[in-house]
Amino acid sequence: MTIKLDVQDAETGEVSRDTLIKRYSAVRLETEELCRPLVTEDYVMQTSPDVSPPNWHLGHTTWFFERLLLEPYLPGYSPHHPLFNYIFNSYYESLGPRNDRDRRGFLSRPTVQEVYDFRSAIDRAMGDLIETVDEPHWPEIAAMIELGLNHEQQHQELLLMDVKHIFASNPLRPVYREAGDRKRAQGTLPPPMEFAEIPGGVTQIGHGGRGFAYDNEGPKHRVFLNDFRLMTRLVTNGEFLVFIQEGGYDDPRWWLSDGWATVRERGWRSPLYWAEADGTWMVMTLRGYEPLVLDEPVSHVSYYEADAFARWAGRRLPTEGEWEHAVCSRGITPRTGNLLEDRAWGPRPANADQITPNELQQLFGDVWEWTQSAYLAYPGYRQAAGPLGEYNGKFMSNQMVLRGGSFGTPRSHIRATYRNFFQCDKRWPFAGFRLAQDE
Amino acid sequence: MTIKLDVQDAETGEVSRDTLIKRYSAVRLETEELCRPLVTEDYVMQTSPDVSPPNWHLGHTTWFFERLLLEPYLPGYSPHHPLFNYIFNSYYESLGPRNDRDRRGFLSRPTVQEVYDFRSAIDRAMGDLIETVDEPHWPEIAAMIELGLNHEQQHQELLLMDVKHIFASNPLRPVYREAGDRKRAQGTLPPPMEFAEIPGGVTQIGHGGRGFAYDNEGPKHRVFLNDFRLMTRLVTNGEFLVFIQEGGYDDPRWWLSDGWATVRERGWRSPLYWAEADGTWMVMTLRGYEPLVLDEPVSHVSYYEADAFARWAGRRLPTEGEWEHAVCSRGITPRTGNLLEDRAWGPRPANADQITPNELQQLFGDVWEWTQSAYLAYPGYRQAAGPLGEYNGKFMSNQMVLRGGSFGTPRSHIRATYRNFFQCDKRWPFAGFRLAQDE
Amino acid sequence: MTIKLDVQDAETGEVSRDTLIKRYSAVRLETEELCRPLVTEDYVMQTSPDVSPPNWHLGHTTWFFERLLLEPYLPGYSPHHPLFNYIFNSYYESLGPRNDRDRRGFLSRPTVQEVYDFRSAIDRAMGDLIETVDEPHWPEIAAMIELGLNHEQQHQELLLMDVKHIFASNPLRPVYREAGDRKRAQGTLPPPMEFAEIPGGVTQIGHGGRGFAYDNEGPKHRVFLNDFRLMTRLVTNGEFLVFIQEGGYDDPRWWLSDGWATVRERGWRSPLYWAEADGTWMVMTLRGYEPLVLDEPVSHVSYYEADAFARWAGRRLPTEGEWEHAVCSRGITPRTGNLLEDRAWGPRPANADQITPNELQQLFGDVWEWTQSAYLAYPGYRQAAGPLGEYNGKFMSNQMVLRGGSFGTPRSHIRATYRNFFQCDKRWPFAGFRLAQDE
Amino acid sequence: MTIKLDVQDAETGEVSRDTLIKRYSAVRLETEELCRPLVTEDYVMQTSPDVSPPNWHLGHTTWFFERLLLEPYLPGYSPHHPLFNYIFNSYYESLGPRNDRDRRGFLSRPTVQEVYDFRSAIDRAMGDLIETVDEPHWPEIAAMIELGLNHEQQHQELLLMDVKHIFASNPLRPVYREAGDRKRAQGTLPPPMEFAEIPGGVTQIGHGGRGFAYDNEGPKHRVFLNDFRLMTRLVTNGEFLVFIQEGGYDDPRWWLSDGWATVRERGWRSPLYWAEADGTWMVMTLRGYEPLVLDEPVSHVSYYEADAFARWAGRRLPTEGEWEHAVCSRGITPRTGNLLEDRAWGPRPANADQITPNELQQLFGDVWEWTQSAYLAYPGYRQAAGPLGEYNGKFMSNQMVLRGGSFGTPRSHIRATYRNFFQCDKRWPFAGFRLAQDE
């Protein structure tokens, strides 16, 4: 796995120890900051096999540094606790046996305090490592640290997803963060759908050159795309509500066969976290249980629901190549997206003033966008040997690619080439979609 | 349901308010005392569908008083929290909808502190009720309180069973209570099995007369018993180990058909909580993870395992009628049993000095004893209407009766007529067995 | 297992070879006669894990004679086919590995013709055995043959149960046998319920003395019974329909906890094979799909449904001791019951003329009667060693006793002490019930 | 759905009625010819949810003509049987409710004879339709008939797959067809792997122009491919055996995460139908149970196993674009492949003489080849409205593409653009693989 850093000096490609220490501290602090609203009891909940307890996220991200940096590289380092490798290894077959994923919610010990102590100890040792490692090893160490920080950033979003699921599973419906002055426009009709024209041809997608990226984003390679049209904003709650009201969940015509089976088996009648009570649609959010806001992007839909909506609307989902090509050819960056640092705790409505036939918005942040591309290896991809090879490569089956990040994704973590992936039936990610159509 | 009190005046059958207040306080305090070794994180764990989190036990036992006493009887009382009826109702269909049993481990809220506050509030209100209820209602109220206290005592033992399961599910194997000066005799061979002769005939079993008893213990009725022989002590770990070593878990001859299917599906090779490591048998106890003690009673066996051992040994399990008749005809009482108040936190070896051919011991306390009687209604039993009818009567299928209580049963809670019951495959109760044989 | 013959000479207890050959031929022919309405395709169906294909019944009953008589006792006998022991062994652990029960429906080979050929070959060899075995072995052989014939008679009824399930699983709803001149009285209201008074006391139940009986029917032993009252006829379809119409399947008050869970999980709204179409209740029978006949005994109900009906009606089910005592004390025999030889292919309405307050009818035949007794060992019961010990003894958990036989039970197979048994949730047996109440 | 015929006149694009009648008869006869080795009992078996009984295949392919041609187009036609639409509809939501897929093995009726009668009746009516339909409707009718025939050809291969599963599920291991003079070379070592160089660039894949093709094969569209290398023959049993012997099934490094979970859950240790007995590898084939032939292509492997082998071998699977481009750029056609008409009843070894570094063989026939492409819509694909839209489009999730046909595929049914698809865990198709690598 070629790891490329985004804290590199633009010209020399070098990374200073100071810069990396600052970034290390910032990322690590952010994780703890995200946990601040939790009480001790919240930390140890696992409300579905997909969910991990916050305490486990805190420990696992720390274990990653211990296991992949301190143990191999810090002379004389011995593990903080002999069983933490067993407890906090997630899925790395090459790093030894581990506690089953669906038993993470059985871990009342180590306690929350003990895991925070583990974090502190590892942070001190990481400081030692960064300061003392000799120059020849520095680039390799720096790259691994950057990977560890990106790993932790991924878990920051997972943490928010999981906290939301934990709170939504509780009859008392706790509030994660108060909404502040968020303008609620639940009665507002969504602005009309517009589609931007994107010329195709042979183009390049995937990551190349400097800056950090995961192995699955590369190699950069050529693809041929037809001309296509891409919806300028995300599909809204209001639009999805029409699909529901017109019987979308009852009509097999719109559904993939697997999707239709899933709808019936699980009794899906709306996106996850929606509930109809006395004729009003309510929705569980990180800011509490509140009436559905019609012009906000729809969220917590599966691939099946996104795809069914697209068929019902006579459109389709974009491919990941189309999405990336649109973003790159228009020069769109994560700079203005509604991302984690914005502290919105949910997607925001599109900018109605900005809705012009050809101006794309909401591509970064708000919600991840389902694409109709399966998560598979790019041409020329080779999985690394050892534990890092397990990071992404072994998940290349039965999953679809999502692009663009959400309100829960750190800004320094997302980029145009970033490939997120989930199974078609998953609904707990912050995932929505936009439509595409052939020219 | 006729509820009979054991705090009645022996002659008048009356119960004084003072006496009941004292008993109420003692029972309520004991529950909290049993929770003292727990950290906050332990309180919210549900490590199997059978297990309830300690926090839930604390709330549920409190809800019982609120729902069945304060709401109907205390003028002006309104529920402590509008959703606690939903959260803390266990299985009473007549008391409204409720949180699914297998979602009790998703309850990070109400927090542990909030549940302790709930307990305090209800205790104050119960004090008011006991002091202020008018004399005509007092007997009925007193009977209901006694039921609530017995209910809470049942949950005291469940709490210990569940804490043990929670701790045993944790790779760190926490200790509940230190063992103190417990004499460990793991090398000691168990004393020989002896069988006491018990004459049969028409005899009476079941509860009648004064003192509290559950509805399922009555009516007192006549049964005919053949003469039989009953093992004078409980079967030990050492004896069960011989069964294992002689291939007991591999030989279908000893097993009920359902039991054999269970052994293979679940891969049972020993009682629950046993583990073999490097040729040594270890066992998880409330006092920590320790070498198996051979002369202690075997525990955490299912009915299937108890029955298989009995067949292998050429004996059988006693019926509940035989057990009760033996106890009553010999005048044995819970007085000397190893029960909760003894704070042993586990079963104790039989008294070797006391092993005489005809002297029964360990009938009360140590571990519950599986009988070969199905849990069914006694002749003349009628289920009460309303929620109290749901307490016991609706479970009369697919369960077997256990007798005598365990080291986790409060002394004031157990008696000769007490019928505990579990499904044949359950292993998390503190359950063992003794053998019987025909004359 | 002590096997006692009913073809014994009344005085000497001896069995003549001629008599046994005749009985052997008659039983074996009857099995084939019951298959006459089947087409080849019907023979190999397994429409639920409980159901066995008719071809398998034909082979298994034959294998029983080959494996337990010809192989051990006929000199020079070698198995008809080397794999038939694997294919036709049902559940005898001591007789070697076997095809899984739920894979019986995968057996297109041996073909139906090959199984009939197997039957012929074994019948010839059994003729040889009976003729040639020497006198000292004859009593043992004769007893084993009698067991084999009773085993085959059990399978005759199972065959009918399974054919009914196979036909009911087919959208074309085939007819097994035409009804003939059966009087249909679907509009007739059931005659009123009457309860006969039966005095209790110490009485004896279970099998003793001469005549064939299964091991689980003995030993004969004393029990104490209270006085009780027993419904004089079976509960009817019309009565059960009232239970349905009054919301019986929607009201948890009437149900055992396990029963209520089963009702909801499986969506039960009526007995098995009932269907409501356009306001008419239809029912699948062996005589085809036809309107529900109100005064016929209700059939294809589980223990849970029988028990729920009884609670709803303010009564209870009888125990097996009560049932047997009532039958024996009244001198009722199978002679006049609606049994297999009557070729009614379904239960018949009670004789309305015979409905007097104190005259019991329908105790033998029509439908098996659920009792509230668990299927457990009688006092003094010892399971035999070897394969015969597996016949009954290993099923003594999680099942309830049914008494009296059905329209599908051969008359020479049923008796007052006969204990049939099924799990509480089984609905494919020909099982109904009558009520009891305390004096 | 644009349906394009391969019985068209090369110049005019017209189809003569005579030509189509002949093709209709030939295809329909072939299905029945494939059933000739079956006994009646075989016809009704469903040995896994994936398998359909042969009798159902016979009826379903016939129903397709009745439902989509005779009912809409033949004046005065009324269905052969009112319930056959319910029984023989496979998965067409738009064609009404249907018998559940996993209940196809419960259909002893209609009998085999009745289904053959159904076939005859529909064949006669189809003759009438072809002869009498007026000229303006002819092209549409002809196109639909061609679809129906291709549908039936698909089922011819499914029938063979299912018969193999049915026979392999039987302890008696029936033989479908005797092997004839097949040369068995089980000791022969496979010839060495060679890889042909295929230049990439912008190329076109997918179906366009004349001749029948399914909708999912189009539109023809441009793709960009890197240069790559493609193994010249299929991977053999001998090569796969080395993977097994070197611990391939025990080493998570080679497996996708989903694949590794599947291996452990299902206990996979070899391809389906392989069995090791006394150190010899045996395999169930359509020609009986026989020793593994080392130089034959490996078959009955899942995508997971093909992918794991490729990783272990340091290669990868080809994409479907690569496969199609290799075939088209080399001008390879189905003409010489080992296909259904060759009556080989299994894959054949590669031609050792033909193994040159750059000569591709076995691309058509022998076994389907797993590709690393997910089964998704081509750019510009639009699903048709109505039942035909359900033929392929709704399965575009969680499946992988296979190319090239097998020994069970009719020659007139396969082509370079043909896209077969199965879930990653399916092993009952006749599926193997070849390797690819980057230049």
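Observations on the structure shown:
Per-chain residue numbering starts at 1, and chain names A, B, C and D are given in the order in which the chains are listed.
What we mean here is this: contacts are C-beta pairs under 8 Å (C-beta built on N, C-alpha and C of every residue); 3 or more make two chains touch, one makes a residue touch a chain.
All values derive from a computational prediction rather than experimental measurement.
Look at the CA centroids: the one farthest from the centroid of chain A belongs to C.
Centre to centre, using the average C-alpha position, chain B and chain D are separated by 60 Å. Per-chain CA centroids place chain C at a distance of 47 Å from chain D. Distance from the chain B centre to the chain C centre is 38 Å, each centre being the mean of its Cα atoms. Residues of chain A in contact with two or more other chains: none. The chain pairs satisfying the stated touch condition come to A-B, A-D, B-C, C-D. The touching residues of chain D, counted against chain A in their complex, run 91, 93-94, 202, 221-226, 252-253, 255-260, 303-304, 307, 311, 316, 319, 372-374, 376-377, 379-380, 383, 389, 394-398, 400, 424, 438. Only residues 39-47, 55, 83, 86-87, 99, 103, 105-112, 166, 169-172, 174 of chain D touch chain C when the two sit together in their complex.
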